[in-house]
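The same chain A turns up in both complexes below, where it pairs with chain B and then with chain C.
Right, the complex of A and B next:
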């Protein structure tokens, strides 16, 4: 099994490089085609036209597009993604300092989405054919139609402003300090032996991850319900019943194990969308992650950051897909035989 | 699942949410408030902690807490001594003699001297540091030091607004020894200034925590600790204020200020500042005809715009200069006169049935109500016989479009000038040698260029008063309104209002 998984990962990694290359070319072309002038944006208001021209030359913007791309690529492969126009700092450092916050949020949100999705899917399956089914179905439709930003607003209004139960800005309380080790606050607080900061980080993560997770849970619920219904038509379920196994045992040991495969596949796709959804949620909750950085970059036409963040999103999505595909192979014996 | 939402809808929903929260009546006394501390919700982070590096208006408020400027401005924007005790500009505008205070120390205890001043305004630029000050101080040919407190700044060309620039963007004195010993990168990570507060904690795009500098040479701030939370969305800032997470915030929608003023514990203000909203005009295509440009100006009811979008707080402008600043010609008015607009259009053969067609651009979300203002103007023009095709243009695209001659005939634009000096209003906005002016006819630009070398203050100011009147009468620009800055705060928190919109924590106190 290990060899199959490793082969799959190997193929995936090779394919990922090709996809990454194509995405980088597309991103480069799209960003250069925008009618923005990074040279003018990088200079102060009293810059003259001549100074802007000089800056354009210095930035290589007067070269042909392929030449510009090759220069960018040669730097990128050595880890230099250029300097931010706005911050005048290395883009790689900026991305590296904000990515852990977004990963932390996305993972927690995915956990929320998965738990709610699995619980909801089981509940939907459980009430199938009963009078409760239409009501629960309607519930999932409502959940499905409410996007993450509406949940964010709801939680800020009710839990943050009215009840004041939880904070809704930043990552930890203002009076807390923590040396950066990994950038993941939940890990760094444990390394530093600071459970108070761990608690604060969790408190700050609850509302944004709920907003993001709830919005993505209905799809998981519905797919799991459908998969379970399909699985329960299979002969081995009938055989299990004939063997006298209890319904709980059948569900957990036989049905769920098989029904989870399409759900897992969906969750992989969902994680990609969810990662993209952090952009708006981070903005609303003033959460200092990659999305917030991207919003700033777009506002300031900071092309090097936009390019780097775009590629980072691409890498994350490709990585998640590889992990999910590997899990798929591990969980599905049929695929290992191919 | 990831349904699209535009900024307007988002803000409306957040505002609605915050309003709902307030009406629930579940709010209890503020949590952020402490007797000697304040928490401020700020709309943007600093681009870096090198204050000379990037000219960002909203960062100046923060830099002024940690760093000092050679000169300062009082609330009415008059230049006042700061690190510089006295200054004297030579008659030819090519040298500036300055005397620094001798009691200023940086946060590390090192004394601030003319060496630091020279390093900031000359040596860093010559050394090729990536700083915006290299543009504002490009004409500095040397700074001759005669003592630790006295020096002469030499310019290669007349720099008549150098004193104003010493109190303007990016002009913060940095410690030479410290910066040279740790390097620029480390300085950005652990900045040291001589300002009223020391930076004790900073998290990118999140917050900064400042503590009072007990060795400060100037008036000691009343508040010992200042926390600045970076909250980019205006309505999220309102929600944070209502939930007690912050004590003061700026730049929230005008309608939110009006609503929040009704709350017993909050106070809201809509303050006119030294920022203008105007239409940048081309001198060709649909606006080649002066009659059409002037008709477009006469057709705009600026008072109605102020009433509709700024609760009457934004002052209608006839010139691209704000009232109360030196270059404002108080005697000049450009009338709102739709009949005159129709008559001018008729002269050029246009009327309601055969409207003049122009292109019109506006940002959307760059400044308060920008796109709504553009749509209102579009309707006003329609009533006199101007058919404007409105398009949204990102602020970041302005320069590229202007450079390529692709800006629309009229473009809604906002211009900030904390100094209030007319050079940084008309001198930049209508100067064809700078990248802002869409009006390329040299008839205006040629009148402005010589003013950059006029050393006599009164003559220079009068020159700008004359040129802005000429530019408006010529149809080179269509000024609209003086911008406003909104501030919402806990009622018991006091702060000093500045004409340029500075909101400085070192002027704050609790009552």
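Right, the complex of A and C next:
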């Protein structure tokens, strides 16, 4: 049984690497289609045509596209993703210093989305067939119509500007300093024994993660509701009723256990989308993560950063999907026995 | 009489959701089509003497500027009306484009199955490994700004939404007896797909199309918020939000109004899609960005 599970997971991991390879090729092609010349951009404006040509040769831009890609790939696998044109720093370092902030935000937001999604799904299921159903249903359509950046702006207006309850820019108060250990503020502040910084980081995370979490909760609600409805058609639920089990017991011990599988697999897909949603939320809350790095690079046509950050998003999404698929295999007894 | 006329309508037109959705979408479409006639001012006309006016009903409002003015003294109402143009153009063209690409591939994958299906499935997997926001942003970098490129970028990102859902539907329909009968009658593959399979998927297509229009409005708004959509000369809702965000303390209305406009448009398409889904009785799980 363990061997089957491992084979399935192994196959999934291999597939992820294949996808990552294809994505890196596509990304390379799209970004080379740009009408900008990285060689000219990395030289002062008064550089002569000959100097630009020399730089082009030095950067390998006069080679064919497949050759350029192979050179990039060989550097990339050894951890060298090139240098940023605007910051003149290694791209890998820039990504590594911003990724923890984005992961912190995404994980917290996913927590919000899951809690709201599960609670909302149960509520929707609970009111099925009653007079309250249309109202709650309309509520989910309204929730689905509000993307994360509208929630973000709404929270800034109401909670940040009007009520002044919570901060809405950055990761911590600007006068706080903390040595970087892991890059995750919530962990580093514990290591350094600074509860004040931990508190500040949490306060700065509340609004962004709420905005992102709320926006991604309605899809989870709907799937949980419909899978619960499906499960309740099954014979074992009727059987449990005939055995005289209470409704609460049936819901928790029998129905939820089975309805959670499709919900879990949707949550995997949702987490991928949510991870992309951090971009806008980071921008609006001036939160120094991958998203702000990306938007900055896009505005300045900083190709090495765009390429590396694009791949980083992709790697994170693929890792999440692989983990969720593996969990699915482990948790699903039907797949396990095969 | 009126009641009888109402009940004789097809069921999908009797749904309250569909009617609400159609009303909102029609209102926005009229704003978009007749923007030059409806808008009280030129959307780009600046008046630095009357900046940050609140809406007319507030203290200090000017009836000539019903919803107030922005940081450059431009009329917010006129900019909202012109902004509907970009939103509706993108909603219509991008979602039809995404439907044509995604559905065509889904018909091919679901009908032929086997290797073709596996290949298209892998392509969807590759696309799905990219968060849509990131992919559309990268495509805009590659394509350059402009209305046509925004539409193209959204098509290139969102065809998978149609392809994923339609493929499993086509897979079921293609195994039906009447499809086999059509083949036995000597119909070509192309004719079997267009005359036997496509009609059976029309309800699902319409529902997905309506939901995709809402998604397209959101994507355009966030691209123009980042400044990677239409140029600065064309009023767009996302761009209005980006401008107003810098003056949040001077004029919260400049931020609230475009937010409401985006919400209204997306809600209109979503409630229409939801109503159609129920009345056309299609099984589809609504997924969003």
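To be clear about the criterion, the second predicted complex is superposed on the first by the 332 of 338 C-alpha atoms of A that agree within 3 Å, B and C clash if a C-alpha of one lies under 4 Å from a C-alpha of the other, contacts with A are read in each partner's own complex, and residues count from 1 in each chain.
Simple rule for what comes next: contacts are C-beta pairs under 8 Å (C-beta built on N, C-alpha and C of every residue); 3 or more make two chains touch, one makes a residue touch a chain.
Because the structure is a prediction, the values reported are computed rather than measured.
With chain A as the common reference for superposition, the partners chain B and chain C occupy clashing space. Residue contacts after overlaying the shared chain place A:61 against neither chain B nor chain C. After overlaying the two complexes on the shared chain, residue contacts for A:44 are found with chain B alone; chain C is out of touch. Applying the stated contact rule after C-alpha superposition, one finds that A:269 touches chain C and leaves chain B untouched.
When both complexes are overlaid on chain A, the residue A:206 reaches neither chain B nor chain C. Of the two partner chains placed by superposition, chain B and chain C are both touched by A:156. Once chain A of one complex is fitted onto chain A of the other, the partner contacts of A:313 are limited to chain C, with no touch recorded for chain B. In the superposed model, A:331 makes contact with neither chain B nor chain C. By the touch criterion stated above, A:147 is placed in contact with chain B and with chain C alike. Looking at the shared chain after the overlay, A:295 reaches both chain B and chain C. When both structures are laid over each other on chain A, chain C collides with chain B only at 6-14; the other stretches in 6-14, 42-50, 78-86 or 474-482 stay clear. Annotation: chain A residues 34-35, 144, 147, 149-150, 153-154, 156-157, 161-162, 219, 273, 276-277, 280, 283-284, 295, 299, 301 touch chain B in one complex and chain C in the other. Taken together, the chain B residues at the contact with chain A in this complex read 1-3, 5, 10, 13-14, 17-18, 20-22, 24, 26-28, 31, 39, 44-45, 47-48, 53-55, 130, 132, 135-136, 169-170, 188, 201, 203-207, 209, 227, 229-233, 236, 239-240, 242-245, 394, 396-397, 399-401, 403-404, 406, 428, 433-436. Only residues 17, 122, 125-126, 128-134, 137-142, 144, 214, 218, 221-222, 225-228, 241, 245, 248-249, 252, 255-256, 259, 262-263, 266-267, 270-271, 274, 285-289 of chain C touch chain A when the two sit together in their complex.
Touching chain C in their complex are the following residues of chain A: 15-16, 19-20, 22-23, 26-27, 30-31, 33-35, 138, 141-142, 144-147, 149-150, 153-154, 156-157, 161-162, 218-219, 222-223, 226, 266, 269, 272-273, 275-277, 279-280, 283-284, 294-295, 298-299, 301, 306, 310, 313-314, 317-318, 321. Interface residues of chain A, counted against chain B in their complex, comprise 34-37, 40-41, 43-49, 51-52, 86-89, 94, 97-98, 144, 147-150, 153-154, 156-158, 160-164, 167-171, 174-175, 177, 215-216, 219, 270, 273, 276-277, 280, 283-286, 288, 292-293, 295-296, 299-301.
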